[in-house]
């Protein structure tokens, strides 16, 4: 039901405001419609408090507009690249949330300093390399997607559902729009606590066996946590 | 009255949201029922805004479910170990509150830098040692309780009603669920101020005689403060 | 009108909550009644949301209760010492507000890094020396007042209406309860910005002639600012 | 319509409160009336919650009051100097917002560490030099305007719509009052994230070609972003 997906995407976009992840129009959520495979995404430049489900833009896999009268978010090309590489991702979120963006601006991977992190991200959340001048000038938004895909070449995007784009901001994903938003909230929270952990003097991440325990008790085949 | 205890536990769990100590379902409060000695605890994975008193799970001292249809919080085994060691504790709280968790992630004891701290915690709030791989793989939640108990072997849990679990997050306790929540709020506040105190250049805790004065004017036999 | 003063003191105490300067009962406002010279102060241990004007306690200059059934705030002896030394102070506030308290815990004077500070405090806000063991054991609250008075021996309390008590927290004052609360809000704001100014690398206070300009355009005999 | 401009100025001033950029009366917005060229500005010392459109003060280019019974903001002379130098600026905002003011107090230019910054400010946001004793004593508010104009002698105020005044606080501008407020919100957000970026260890600004891309995709002649 494409209509239902539009409503989910609308609500997920409004959740970005509720969770203080965006101001103005600085964020966007998209979702892969389970029936058609189309991508439903927030329109460009519309204030959150005026948005309606029917404003959501429907794109096919090449980015051609299938439904909707408005322009899709200018980050749509990045979302499309990610949906093509991350075949099981059903929802994607991009924000300029304050803590994750500060890490992205520092150009550093976000270390796994605690079990809060380990419950959602299996190891550090990577920061991409810088884009080259050529990439930026040729197809900036597409290349942003490509550099994320490149970052996950040897990393499982399903066990680390988020990334920091160098000098820019985070993207997260999940099985649908809601889970992608959830992961954005978590990323923001652990980015904040990691900052403070470092100021308090620790730069040593969790032991691998503790990472294993936390990730697997929640996501492994014998998961028993928070179900 | 078990019913009354369930309602207290419900309200105390909701207070975690009110005091901004938790997001999503990242926290849990339990209480020892004064009549039966049973432990009443939040169910696992239920959003705070849908919780009702009847969802609370009642466990006996071995963790067997006596009442309730839902699964207890996955941290229940930790709570049970603590109730067994801390015989006068009537309520226990676990959160991933942002400042206390940052200290737990740093692996450091929280020093007593000010009288706000000294009014509630008689000296530093300890951080446990790391759990070993074997402890984590054998019985993670039980061993989390054990390592807290070990930390208090030479420390009076009644005068220091809280702990930081290494790489994880805080636990606090009190005579009932409300007091345990109160101590969580205080721990968060003093963890925040201690962070800033250190950034401002001080790492020297209060004089012992000032610690004595503050703790004893509130908790000593001649207490006169805030009664 | 003592009744009017009680109502002002009540409202000023509630303003501490509104401005996020206190949690629980961690703060108190008093005021010198202009007619009688009596000191009206918050009662001890009463939650802010249950307080009424009639709960306010009226004390004479020696601290004897003249009106009211409740115990005065346990900080009343400190307030009384200050009213005796600072003859033009009509209102006094004590809080454990998070930023000013962090400075107090660091044991440092709060430097005047900006004009926001200079509009209210004519130079740095001093931090008292530590109290001695003897002072703490003999008459802790009275000696807290004395050490503040000592700090202002060579400093005009009218041009610097606030202080940090070493390892404890701030006190502020003003011509009445409202102005004292106002100065507490300002102290908190400038304490926060001073912290960040230092982290950004600056430890040099404003030039004296800029301090002069800001303080005098607001408080001098030719004041023209914000009137 | 001067009346319409007064209402816009009122609303823009109230937006400062909504966006948490001011407490008390610590901020002011003005706007150049498109019909008459007069400057409409907030009155001095009036609490935000009592302000009405008719309280707004109308000044001509020399600062003579054309309409209104109240005194203009004491920062009006600074606004007037800026309107005279920045001919296309239609709105100006001054606040003591906490993060931008902390940078102003540090005396440092705000580097462009991320694309959030680059979307609005084309390169670093400059900090003025210190004012001299003579400037401060002669005509403080006018000289504050002059030192801002001096700072932009070799910098395009249209591509960098904001400044930090040394030891004081930020000013921003835009095509009207709303855009000036919008730029104040952005400045605060990027000031906050830049602080954290530095604490995380990065002091290298974005590559020039990425600055170019972001600024030009939004403001260049082929702008396609957020329209």
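Per-chain residue numbering starts at 1, and chain names A, B, C and D are given in the order in which the chains are listed.
To be clear about the criterion, a residue touches a chain if its C-beta (ideal position, glycine included) is under 8 Å from a C-beta of that chain, and two chains touch if they have at least 3 such contacts.
The model shown is predicted, which means the values in this text are computed figures rather than measured ones.
Enquirer: Counting one step per pair of touching chains, how few steps separate subunit B from subunit D?
Expert: The least step count works out to 2.
Enquirer: If you fit subunit C onto subunit D using only Cα atoms, how far does it have to rotate, to the nearest 5°?
Expert: For the C-alpha superposition of subunit C onto subunit D, the angle is 90 degrees.
Enquirer: Centre to centre, using CA atoms, which chain is the farthest one from subunit B?
Expert: D
Enquirer: Give a one-word verdict, same or different, on whether subunit A and subunit B use largely identical residue numbers at their interface, taking over half shared as same.
Expert: Different; most numbers are used by only one of subunit A and subunit B.
Enquirer: Could you please state the distance in Å, as a whole number, between where the Cα atoms of subunit B are centred and where those of subunit C are centred?
Expert: 33
Enquirer: Considering subunit C alone, which of its residues make contact with at least two other chains?
Expert: In subunit C, residues 199 touch at least two other chains, as defined above.
Enquirer: Have a look at which chains touch which and call the overall pattern line, ring, star, complete or other.
Expert: Looks like a ring, each chain touching just two neighbours.
Enquirer: Mind listing each pair of touching chains for me?
Expert: A-B, A-D, B-C, C-D
Enquirer: Quick check on the complex: what are the subunit C residues that touch subunit D?
Expert: Contact set of subunit C toward subunit D: 113-116, 182, 185, 189, 192-194, 196-197, 199-202, 206-207, 209-210, 213, 217, 224-227.
Enquirer: Enumerate the contact residues on subunit C facing subunit B in the complex.
Expert: The touching residues are 23-26, 44-45, 71, 74, 96, 98-99, 101-108, 130-131, 133, 136-137, 140, 167-169, 195, 198-199.
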